[in-house]
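Next come two complexes built around chain A: one with chain B, the other with chain C.
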Partner chain A sequence: MRRDAFSGCHPAVNFLFFVGAIGFGATIQHPAYCAAGCIAAAVYYLLLKGRKGFKMLGGMAVLFLLMSALNPLLNRSGKHVLFTWFGNPYTLEALYYGMALGSILVVMLLWFGCYSEVLTSDKFTALFGRVIPALSLVLVMVLRMIPAFTRKARQILLARRAIGKGASQTGKLTEKAKDGASVLSALTDWALEGSIITADSMRSRGYGTGRRTNFQIFRMTARDYFLLALILALEIAVILLGGTGASFTPRLKIDPIGWGLAVYCLLLWIPTLLQIKEVIAWRISISKI
Partner chain B sequence: MRKSTLFSLLAIFVLIPLTLFLGTQVKGRWYYLISTLVIVELMLPFFFRFEARRPQARELVILTVMAALAAVSRVVFAFSPYLKTITGIIMITGIAFGPEAGFLTGAVAAFASNFFFSQGPWTPWQMFAYGFGGFLAGLIFHNHRSWAKPWILAPFGFFTILLLVGPLLDSCTVFTVLSKFTAKNVLAVYAAGIGYNATHGIGAALTLLFVSRPLLQKLDRLQTKYGILEL
Partner chain C sequence: MAHFHIQDLTFSYPGAADAALKDVTLSIQPGEYLLVCGKSGSGKTTLLRHLKTVLTPHGQRTGSITLDGTPLEQLPPRDQAARIGFVMQNPDDQIVTDKVWHELAFGLENLGCDQSTMRLRVAEMASFFGIQDWFHREVAELSGGQKQLLNLASIMAMQPEVLILDEPTSQLDPIAAADFLNTLKKINRELGTTIVITEHRTEDVFPAADRVVIMENGRVTALGQPREVAEQLYREKSQMFPALPAPVRVFYEAAQEGACPLTVREGRSWLSRCFPQAPAIPALPPEPPFPAGKVAALELKEGWFRYEKNGPDVLRGVTLTVPQGSFFAVVGGNGTGKSTMLKAICGICKLYRGHVRLFGKDLGSYRGKLYEGCLSMLPQDPKCLFVKQTLQADLEEMGASPEKIREAAQLCQVETLLSAHPADLSGGETQRAALAKVLLSEPRLLLLDEPTKGLDSFFKQSFAEILKNLCRRGTTVVMVSHDVEFCAEYTDLVGMFFDGQMLTTDTPRRFFGSNSFYTTAANRMSRHLFENAVTAADVVTLLRQNREGSL
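Here is the complex of A and B:
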């Protein structure tokens, strides 16, 4: 997996950024902020996903259009009537509102897509291992077991088929369901017996006898402290500067654009800017050779 | 009063009203953010109680295995892509080990399986809804094991999902999609989810119908064989 500069930062930095990006993205319905959010999230998403990201962005565009067009059907208030359908007004204000809602949803989905790429399970457990030690251990183990169980389930399926016990491809649905139930039952047996062995092994190695320590692969560097402070300061600034209010129906009322928007953009562009800085530094170091 | 009980009361009677109050102060679209925060705060007491109990290795591992099984179970029934089995397995866990274990299994299974697909705005809602399904099944059937017959469990699973778990999942959509909260609009969103919830419910009902008896027997046998009494 290709790692970008921001993914290489400490998980706390990543987490704080996404709390802000997703939190603001979900609440602010000011059109300028929504547009800024969409652009920043889309650029970073493409940076993370490469060419594959375009497919998702296409889907997001469709979602945005759908949400915009459908909102006036559910919300009929507003002064400027574009046309009437079955005697109901289709208003401009509601259309704008739909566009804002659509972009909020798009921003959220894109940031969550980035979150899934950046804040992987190991980072999550490194971050929350101290607060919820037992549950984060459970999470780590589940994440390991899911692929293992999937493999085992396939093995059982194939083995049953090989001895002629499996359901035929053209069989009835009940037959297939019964076959599936037997496989699941066998898988459960195997998994539960294994779980007892795992648990006994954990106990004999001293699980639960003392404080659980964590293997910490992530260290806070000077850069991470700087980014943490910067992100926190920008997030507080966005809240304090305000100017994010906007209401659409029954009348358009949108705050004038102020410094808050610039601060918001700076916040959202941090991951991308970090990557750009990294690329430039890399080019310079190559050209020096 | 136990520390964990105190914390649960604190979460429900202080944290949630505070969140709701702050929500009304926010300029802009607070519905999704605040409702999701409330959902997370509702889950906190369960998580905290589990941590405060300092669970033994066996308890922890069995919970893990059940969550992983729930997440994997759909692979076994891959012949029908619409068959969602995860909730059925979570309910069976709740019946065998009690409501709390059911809740945790559901929440963990939902969270973990999202690592393989994608985390999204729906993650906390899925965790809570699946957890709630396991919790309810445990609450009703754990102490009345004679009721846990496949032909009772199947309709129970179907209607729990159609009426409670499914609408909980749809609530996430309500808070993200709607611009105006009238009874008609909200009902429209829930109505749009009925078809999906019904297939989800049928999946769980089939799981409970075919798998509940053998699986419960196995879990009971595990409890007597290795002396795991209560999770």
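Here is the complex of A and C:
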């Protein structure tokens, strides 16, 4: 993974940011806000993923176009009819509405993409370990189980291939299905056996003997407190300033653009700005050596 | 005062006719390094599990166990968790969390430590075990050796007084195992932690232990310092004697006087004392070369393979010829591509250059018939082969007739286990049952991937006999192994694998006789006097011959 300044912040900062970015992104239909969200999310996504991110953005563009074009087929209200198909009107309002919905979906997917890069499982559990200790431990264990399960499945299938019992080697469909079922049951047996040992290992290390604490590998620094306050203030400001209302059908009704949009942009650009600041600081410090 | 004191402990599992532990009385001193030896099923694990209440199995029990004078069951669970550490066999399943740092802190979290204490203890342990470099890694990315070291470190973070280890290195390769055992020695010497360990890699542990306990059928049959125990085992002609380190076996079987050597170094100087002058007979007659036959069972020519298009080559021009009817061993370090070579031979990995010939025919020309009587592979983890509820059903899955099944079961010595669930078999039994299943397709070429991993010396012996038996019937066996001693003892040909290529191939005596590091303990201890003694029996023979010659 690439180094990213925002990922280096405390998980609470990360989480608060994404609550705002995804929350607003999913609820605000105002075209200006949607566009701002798309741009900010795309830029930060590229920053995190590098060149590989373009592929995803291409997919997002296709998704946006599809959503936009398809919405008028389902939603027939609106005053400006562009053309009719099979006697049904294809309206401009519905097209706009589709674009808004498409961009909302794109914004959310992009932010979630960033979220999974930034707020890794260990950060998530560090964050919620104190609030819901049992649940966060279960989550950690499940996260470990899933890849282990697939690895074991692959191992079993390979082993069976090498004795002529692979999936492609047995003949009929019914046989294949039976074969798959017995492999699955073997996997379950294996998982149960493993979990007995894990349980022993947990109890042996004092799990369930009393109050449990949570090891915090992340520490809040002054910068984290500052960012936390800033993000919180900006999010409240977006809500209070308003001007985010928009309705499309049957008639376009969109709030005028106000200060809220500027505040919203500032909020969304925090991760990218942090990274830019860090790159500049790094350049300067290198030039001094 | 004794640390642990076990008094007249008798225990039987529910429904079992025979007791698993019988009148065990044992005192363990603070700071002691105690090795518990015994065959599989002798009650070692049961005894060890009694030393920690949460792990103690259910069943009928009499007798008492005290820790520093307090009966164990009266000691609160939290105290036990902190004071008694327990490391189990399987490196994977013991790990609870997904990150290395979290695993290190797991025990401390359970004990309710505060942040600053945890921070310090975790840092201390990471430094002591050299974990700093992979502190932030995912557990899944670690090697088996690293995982087991992590298990040890996460228990040491709780600062236990006693460390109990149940065959901790059985799933590791020899280098990782030696590394692990060295760390244990360091913990014992530098921190004074009491260590109780069961282990069948006695070569490393036996000389390091302060005392050794031998268990047979749930009873303690010998207890004392390593030399005393070795002497007693030899005198009683115990079944445990062949499990002792090579220098000890050579010393007693050559019936010598004086102090018994425990390590290779001691063995060397003892042999030097036996021969003030160079021995008259310095070498055994070399084995005759293995008859090549007309058509090789397996011919691999200039094989190249990589897993990903832009990845590194794993096989780099590997060339190998295995004569029919031979027991062929491929030795070499971890991650050099040995297992990949096996996969290339059975067609799972397709070579992008070079070719594989089986019994004179190209691998590709077999098409679907490859696994019907031509070859079969026993995977590294034999458990992967079992998918049914009983061993019988699993064997039937191979589509062989009942007579064939009976025959294979008999050959692999698993007739009595047919009705058992495959998961209930012990390590050695699983290995033999898997072999039976693999043999049902009647392969002419049998591929084995690390078959002796985790087996004790008795199972190894019976396993080797089965394989030799197969070879006599004309089956060709190709085995990838780390187990140098096993290869030297039983195989016909040994080849060295390194960096994606096969280097030399020779008969065991010639092969190991010319190596100086990658060779058996018996050879390392005798190579300054004898040219090609590779097993303990070889050294004993040469000693006897020379002694008779000088009379």
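Assume the second predicted complex is superposed on the first by the 282 of 289 C-alpha atoms of A that agree within 3 Å, B and C clash if a C-alpha of one lies under 4 Å from a C-alpha of the other, contacts with A are read in each partner's own complex, and residues count from 1 in each chain.
By definition in this document, a residue touches a chain if its C-beta (ideal position, glycine included) is under 8 Å from a C-beta of that chain, and two chains touch if they have at least 3 such contacts.
Note that the structure is predicted; figures quoted are calculated from it, not measured.
Colleague: Can A:108 be said to touch chain B (first), chain C (second), both, or neither?
Modeller: A:108 sits against chain B, while chain C stays out of touch.
Colleague: Considering only touches as defined above, state whether A:121 meets chain B (first), chain C (second), both or neither.
Modeller: Both partners, chain B and chain C.
Colleague: In the superposed arrangement, which partner chain does A:245 touch: chain B (first), chain C (second), both, or neither?
Modeller: The answer is first: A:245 touches chain B but not chain C.
Colleague: Output check: A:155 vs chain B and chain C. Expected answer is one of first, second, both, neither. What do you get?
Modeller: It touches chain C, and chain B stays clear.
Colleague: Looking at chain A, does chain C or chain B touch more of its residues?
Modeller: The partner with more contacted residues on chain A is B.
Colleague: Let me test your reading of the model: by the given contact rule, A:164 touches which partner, first (chain B), second (chain C), both or neither?
Modeller: So A:164 only meets chain C here.
Colleague: Does chain B (first) or chain C (second) touch A:214, or do both, or does neither?
Modeller: A:214 contacts chain C only, not chain B.
Colleague: Check whether A:190 is in contact with chain B, with chain C, with both or with neither, and answer first, second, both or neither.
Modeller: After superposing on A, A:190 lies in contact with chain C but is clear of chain B.
Colleague: Based on the superposed arrangement, let me know which partner A:286 touches: chain B (first), chain C (second), both, or neither?
Modeller: A:286 sits against neither chain B nor chain C.
Colleague: Considering only the touch criterion stated at the top, classify A:134 as touching first (chain B), second (chain C), both, or neither.
Modeller: first
Colleague: Overlap the chain B and chain C contact sets on chain A and report the shared residues.
Modeller: Touching chain B and chain C on chain A: residues 121, 137, 141, 143, 183, 185, 189, 194-195, 198, 200, 202-203, 207-208.
Colleague: For chain A, which residues count as touching chain B in their complex?
Modeller: On the chain A side, the touching residues are 23, 26-30, 67, 71, 74-75, 77, 94, 97-98, 101, 104-105, 108-109, 112-113, 115-116, 120-121, 132-135, 137-139, 141-143, 145-146, 149-150, 153-154, 157, 167, 173, 176-178, 180-181, 183-185, 187-189, 191-192, 194-196, 198-200, 202-203, 207-208, 242, 244-246, 248-249.
Colleague: For the complex, which residues does chain B have touching chain A?
Modeller: 26-30, 32-33, 47, 50-51, 54-58, 60-65, 67-69, 71-73, 75-77, 79-80, 85, 104, 108-109, 111-113, 115-116, 118-121, 176-180, 185, 188, 206, 210-211, 214-215, 218-219, 222, 226
Colleague: Considering only the defined contacts, which chain A positions touch chain C in the complex?
Modeller: That would be residues 121-122, 125, 137, 140-141, 143-144, 147-148, 151, 155-156, 158-165, 169, 182-183, 185-186, 189-190, 193-195, 197-198, 200-217 of chain A.
Colleague: Write out the stretch or stretches of chain C touching chain A in their complex.
Modeller: These residues of chain C touch chain A: 52, 54-55, 76-78, 81-82, 85-86, 88, 90, 92-99, 101-102, 105-115, 118-119, 122, 139-140, 151, 154-155, 158, 343, 346, 348, 368, 370-372, 376-377, 379, 381, 383-388, 397-398, 423, 437-438, 441, 447.
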